[in-house]
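Note that subunit A is present in both complexes that follow, paired respectively with subunit B and with subunit C.
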Partner chain A sequence: MSVGILLCLVILLPLIGGLFVLNAKDAVVSNAKNARHTALLTVFSNILLILFLFSHFQSAENQTLGLIDISFALTNKIEFIFGADLFALVFVFGVQIAVFVGILGVKKEVQSQKGVLFFALCYLCLTNGYFFARDICSFYICFCGQLFPLYMLICFANSEIQNTKLFYLFAHYFIGAALLFASFVLIMHTKQGDVLIEKISSVHFSHQKSIYIWGGIFLALMLRMPVWPFYHALTSVSVKLTNPLALIALNFLPLSGVYALTRYWPLDIPVEIELLSPIFQILCIVTMLVAAFGGLIYSNTAQKIHHYIFVYDLLYLLAVFLPTDVIRMNIAYSVFSFLLMGACLIVLQSHMQTQSLKTGLALKGILCHMPKASLCYFLFVLAAIGLPVSAFFWNNFLIVSEIFNYHLYAGTAVIFAMTLAAVSLLEGAYELKTQTCLPQTQIKIKDIDIFSFCVCVLIMSVLLVSVVRPLWFVF
Partner chain B sequence: MLNETVLYLFLIGVVSLVHTNRRYDFLLSFAAAVFVCVVFGAFLLDFKTGLDSSYTLVLDASQNTNIKLDIISSPQNYILILPFFVMTILAMFNNAFFKYEPNKKNMAACFVFNLLSLIMLISGHNFIQMMTFVLVVDILSQLFIRDMRAGRLCSLYNLVSDMGLFLVLAMLEGKLSNLDVGNISHYYETGKHRDFIMFVVMFSLCIKFGFFLFQGYWLDLKKAKFHNLYFLPYLSSSMAALILLVKFYPILVVSPSFLPLVNWLSVLTAVFGTIGAVLSSKIKEKFMYFNMIVMAFLVKLLERLDFQWNIYFSTVLILCFILSMCFYYFHYDIERKQAANKPAVFLEVLTTIGTASAIVLQTSFLFSKNTSWWILGFALVLCFVLALLCRQILSGVKNVKPLKPTDFLSISVMLFLNAFVLFLCRGEAMQYWVVLLFWACLMFVYYLTGFINITKTQEFEFQDVDFLGVFLRKCFITPFKKAGLLINILTDFILLERTFFPLLSGANIWLIRTYRKISRMGLSYYFLCMLFGFLISFYLFIRSKQ
Partner chain C sequence: MIENILYTLSESSLIASVIGVLMSALFSQEGKKTCFKIAEAGILVSAFFALLFYNKTFLEGFFTASWQTTLTYCLCALFAVCWLWLSSKWFVKQDASSTRFCILALLLMFLLSLIIKTTNVLVLFFCLALFGLTQYALLKTSTSSEGLYHYAVKYLFSALVCLVFWGCALYFLSTGSYDYGTLAAFVQTQSSFKAAWIVLSLFCCMLFFIGAAPFHFWYADAVSASDLPVGSYFALVPNIAFWSVFLSLYDKVFMPFAQNLKPIFVVFGCLSIVLGAIGANATRFIRKIFSFVYLYQLGVALLVLSTFRAQSAFATYIYMEVYLFLMIGVYVCLFGMRLNGEHINNLSFLKGYAFMRPYVSATLVFYILSLTGLPPFIGFISQFFMLFNVYQSLWLLYLILAGFLMLLPAYFRIIQTIYFFKKGYHFDRVEFGLYIALIVHIVFVSVLAVKPNFFMIQASLF
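And then the complex of A and B:
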């Protein structure tokens, strides 16, 4: 099979799977299972395809950009180009596994499951497209396109969510999209045609135009990140959601901003923008600290997990803005592990919340009645707070050491925020495991099913073996 | 060589984890202990040959920095590993024969993996390897404790301590661009912040040692069962901290505050531990306080040796472990109400006396030429507290009665024994009359303490004191939480939710209303639009001219 077709398949398969999911009947309970199984099968097939794509790279050192390229000419000036390299594939692979875990977490009792699954698969399709896009047109389309399925996913997952909250959230996403659109139009106007994203820095702009363009791109990508004051909108929507798929999609959207900045942000940016860099870094660190403190003050473990995710999103963002390129793959490997752990934690948390609502029991001590979920939850919490036997730990170590290399106080503040986030996560886990007075016989709480448990153990094994070599499953 | 030892231990650990019927637990745990003994034999043979060799497993060379696992066999590493091997074997045999342990096989596996982690920590020369195995030791300590209430505070404290170490190692890696621990002495030349690094490292290590101000989690461990506890100070995080202290010495010593800090902290810990051990009423509490003194003693001892770990120090460590085992047996004799079993108790007392004397003896070997008053003072305090504890335990744990003058003679035999050993091994610098005077003073203090009537309220008041806990709660956690809440309310609620977003919505509504109003104005609306368009064109025209 040609590599180009394979790449197209990886992008489009979720959409095709989504159409099949729509075909499944929603009236009977058993059919609802069919929709879930179809979605699972689709994502699993995509995982296999990505593994096959990995085999086209000879070794981990071969990280040539655009090893696999396909292009579709739309007009003389617009051409959609998609390509894959190791960096993009690691992100895509992580997202597929996260969505797979999220689908496992969607229970058949959830209302409008078909809609949730369909839009999740659409979102996945556009996310894959986003990671593989190499020219500004396809990049912009996928960048904006992600927002619609995400909006629908949130609405299907929780129809009672306040419109104002959603408005605030999507308003700044759309402002970002508009800024990116303006910047890309300026680029196309200058170049008289489509441009590869990594070539933007080599296009010659006038000084003023350069500021507009880079400023626009910078702000557009920034608006994807939970930097203060934008993180508030993200938290206010996250709190209202219990559906794991919607939560995974929402919480990991900022990582698309990290990806784009890592991949395309040039080291020699205009001086005017560069001057803003320290201000932005300070803002990032302040947000990290605020998010870490936020996690500490909430007693709800779901909130602690969201805040923990924000802290790490911002850590990656800080790493991206270091004037060095050497830790690029470290960021990718760390994000890969982070996606896996975060998805599993969200799914387990959502399962606990569902069971708590069903039985009317408090969340405190709920893990005492779920031995399998308890084991998985504690393992993932340990991994998240820095279980050393995973690629997540030592890649973060290298990222933080690089931050220290440039600024001592920034590094100290980052570690402080990380410590607070880790402490609040661990405290939350202990809270869930605190023994309650109720006798075992009176409690009818369902543990996670055996399949989910096996998937969690498999993911844990992937994380543990990744300490030897991050991409051990390929090379 | 050491890599073979590591491999064999790993295999024993994995085999111990194999799921079998419960009735084979004893057999498997005993077999594991025997196999570890065999490996220890091979280890000793390698130690005798004294050959240097190294084995390196490169984890990922594709990164910007090589990440590898080193297993370096050198005489220094063998001396460092030796006490942990001996203590693990003792603990494993004890685990196999102890009938109340429900899961002997898994416990044996934990012991083996713990020893393996300590060996990897000692033999590694790589920051990431060191950090990894410190964290593994911490996680294994949670498996040893196996009690959520007791382990909660311990895991939180250890996490904070590990993040401190993470900070320092990341900082060193960032500045030196090298992961080798042998290069840390170069940091003084390349980087600054020697005091900052020293304070962060000492903060982390003090937490692991359970020193004064950081003893909160240490005392909380008393909630765990004793058979999961007695080996913890000698095989777990505290020992990882001791190894790290030896490894980090080159970078710590450049700070002028390092030695005074070590001195003050160890003295304060010893004083606090002594008061706590005497005043507390339960053996487990006494044990935890007593271990605080032992830790202070070990750190001080190491400091006097310029952080050069030698065979005598290893012996002292093993002897301290045996002392903790004595406590453990005292506890179970009393728990099982077999205190009347005089031969057993007599044997325990004898072992305790013998061990305490041996500690003093070993300590005096270390300083036969150059007697250190600090160390002798510490050793004597240790023995003094031990004597008091033995008396208290034997006279009844639940109600500590004031000492009768008649008890004085029988129990103080131990003290005189220790004094005798000390006198025999005294250094040249010490006059024997000074030792006698010192002992006379000690006897007097000991005699006086017998008349102190410790009430229950006093005990509870003392045991409830958690300086660091109170300090953290009052000075950090509460202000942080309040600050977080304030920030949340001020920025998120007042500024964003109630000001910024309504302002945006208001502006939007105002614009739409204005647009509607203007559009209702008919012709004037078109004129206004034209005027607006004209102004924009005019502005652009002017700009283009410029």
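And then the complex of A and C:
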């Protein structure tokens, strides 16, 4: 099978799976389970396909961009080009696993999860397209196209969510999409056709035009990040969601901004925009500190996890703007681990919340009655706070050391924020494990099932073995 | 002579159909369906002859035939056939007489054919006057709303005021030429007052018939308050014809006055965008929402035309064409949405519609997303080609995108009502024929999305 077809399959398979998911009837519980199994099978197949795609790279050093290319001509001057390199594949692989874990967390006994699963798979399809897009047209289509499935996913997950909150969140995203659209129209007009994204920096624009173009792209990507003042909108929607799949999709959307900035942001941008860089970095650090403190203040462990995720989103954002390309792959490896851990934590947290609601027990001490969930939760919390034996720690160590190298105060503030986030996460875990006075016999709490437990253990093993060699499962 | 008679076959087939409808009303027992079938056949035959004599016309000097007029008329005919087919279902359900409706439909098509083909402002004036009266008569066929009588009178009165201004302009032109091609040159020789009067009266009158702000006040009422067949006529049939005429005038009459007209285009365009977005967000009537969406689309098109570039006119034509194609799909869905035998117009009655009628709901969402211009739907491609023409005025581009953002909540409100509110009503079953129509339409629209140059000529040039 040619790699081009493989690449197409990786992008389109979730959509095909989504159509099968839609086929299940709502009225029957077994069919609802069937929809979940179909979704799981789809994502699992995609994971296998991606592993096969990895095998086309001879070694970790071979990172040639566009090693695998496939293009479709829409018109004479618009050609959709998709390509994969190691950097994109690491992101895509991480996202597939995160979504797989998220689907595992979707309650199987509940009917009408069809909408959630279908839109999650549509979202996955467009996210894969986004990571593989190489020209500005396909990039924009996937960038903007992600938003509607996400909106539907959130609404299906919690139909009672307040309109105003959703409106503010999606207003940010759509403003970003509109700005990106304007920038791309300008670029395409200058070049009189479609342009490869990495070639944008080599196109010559007038000074004013280049400010509009780069300013538009910068703002579009920035509006995806939880940087102040956009931070509040994301938090307010996150807290209203309990569905793990919706939470994973929403919380990891900022990483698409990190991906694009890491990959395409050039070093020689207009001076006017470059001048804003320190202001932006200060904003980033301040938001990081606010998010870290926020996590510490909230007693709700779900809130703590969201804030922890925001802190790390912003860490990657700061790393992207460092005047070096050395840590580019480190960011990718770190994001990969982060995706895996974050998804597992969200799913476990969601499971605990569901059981708490079912049994009427408080979340405090709930882990005492779930030995398997407890083991997994603590392992992931330890890895997330930077346990030195995890790959996550080493990659973050390099990123933070580069930030220190760039600016001492910035590095100190980042370390401080990361420490606070770690403390808040540990505090949350401690709360969940505090012994309750109820006797074991009176408590009917369901632990995570054996399959989910095995998946969690497998993910933890992947993270641990990655210390020795990143992407050991490929090379 | 014989040639000239042949060239009138397109129009005369419509007149013949009127006679056919009358005869059927007098002698046929079946009534309703037969009238519609005759009307549909008449329009199709008319479109066939228009296509056959695509570059030939009668009374040359007053009328012209080109690829643009033929395409516009064929599109009009296609939209009219779809509209009549949908309307026939309504009339059968309501058990109402359709003779008057079908005759008016054929007369309107006849007048539209002349309006599209004419190159003479005097002929256009008379056609528009007759057209206004016929539309007034069509509006009065509605029985659903008590206030509709006032809306119809308001429409007729406004149309007459506009035409009076046009009449004055014709008086000023009486010493010169009425032809589009030579009109601009003559106007340039006139005093600034006369020139401004002539150009502005033509411009404003056309905006009134198109339904653009600030002359839009009648349009939303005509679409929303009237019966569904009448409302769908205003939403689907005459728009592309008037837009085509407006573009002809833009190209031949308004272009030499670009410097003077540019601010007016911009102001009216902005006004249409803002009023369209606000109106769509403020109302709870679904047909009214789409009429405001149309206003918004007109605003965008006017802003693009304000650049006065050669390609702008064509880009907006494609844009409106795609928009109207999508509106056919929307109206097929609206004809399918019924509660206790009544077609739903109030959004509150659509709560939880998706739970009972998932396919129609999903299709409506598909059309809404296409209308928003979100990728990867067809609306995005036409929007992209059009906005590609305003790259020189960056602020225009940002303005249009701001309008798009203002309109989004209205679209999302429809989706939210259909999908995420608890089901409250037992909706009527959707006819099988409508499902087939939706499938055919979706396939067609999807082909356009994948291969835009199949239909959009400019896409192949792009």
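Structure notes:
The definition used in the following text is that the second predicted complex is superposed on the first by the 472 of 475 C-alpha atoms of A that agree within 3 Å, B and C clash if a C-alpha of one lies under 4 Å from a C-alpha of the other, contacts with A are read in each partner's own complex, and residues count from 1 in each chain.
In this section, a residue touches a chain if its C-beta (ideal position, glycine included) is under 8 Å from a C-beta of that chain, and two chains touch if they have at least 3 such contacts.
This one's a predicted model, so the numbers in the text were calculated from it and none came from an experiment.
Residue contacts after overlaying the shared chain place A:L426 against subunit B, while subunit C stays out of touching range. Touch criterion met: A:A178 reaches subunit C, while subunit B stays clear of it.
In the superposed model, A:F453 lies in contact with neither subunit B nor subunit C. Legend: residue contacts after superposition of the two complexes on their common chain; A:Y168 is shown touching subunit B, with no touch to subunit C.
Of the two partner chains placed by the overlay, neither subunit B nor subunit C lies in contact with A:F44. Look at A:I327: by the touch rule set out above, it reaches subunit B but stays clear of subunit C. Set against each other, subunit B and subunit C touch different numbers of residues in subunit A, with B touching more. Comparing the two interfaces of subunit A, the one with subunit B and the one with subunit C have residues 171 in common. Of all residues in subunit B, those touching subunit A in their complex are 59-60, 62-65, 67, 127-128, 131-133, 135-136, 139, 148, 152, 155-156, 159-160, 162-163, 166-167, 169-175, 177, 193, 477, 480-481, 483-485, 487-488, 491-492, 495-497, 500-501, 504. For subunit A in complex with subunit C, the residues that touch the partner chain are 74-78, 115, 140-141, 144-145, 147-148, 151-152, 155-156, 159, 163, 167, 170-171, 174-175, 178-179, 181-182, 185-186, 188-189, 212.
Residue ranges on subunit C touching subunit A, taken from their complex, read 369, 374-376, 380-381, 384, 387-388, 391, 394, 397-398, 401-402, 404-405, 408-409, 412, 415-416, 419-421, 451-453, 459-462. Residues of subunit A that touch subunit B in their complex: 59-61, 164, 168, 171, 228-229, 232, 235-236, 290, 293-294, 296-297, 326-327, 329-330, 382, 385-389, 393-394, 397-398, 400-406, 408, 411-412, 415, 418-420, 422-423, 426-427, 430, 433-435, 467-470.
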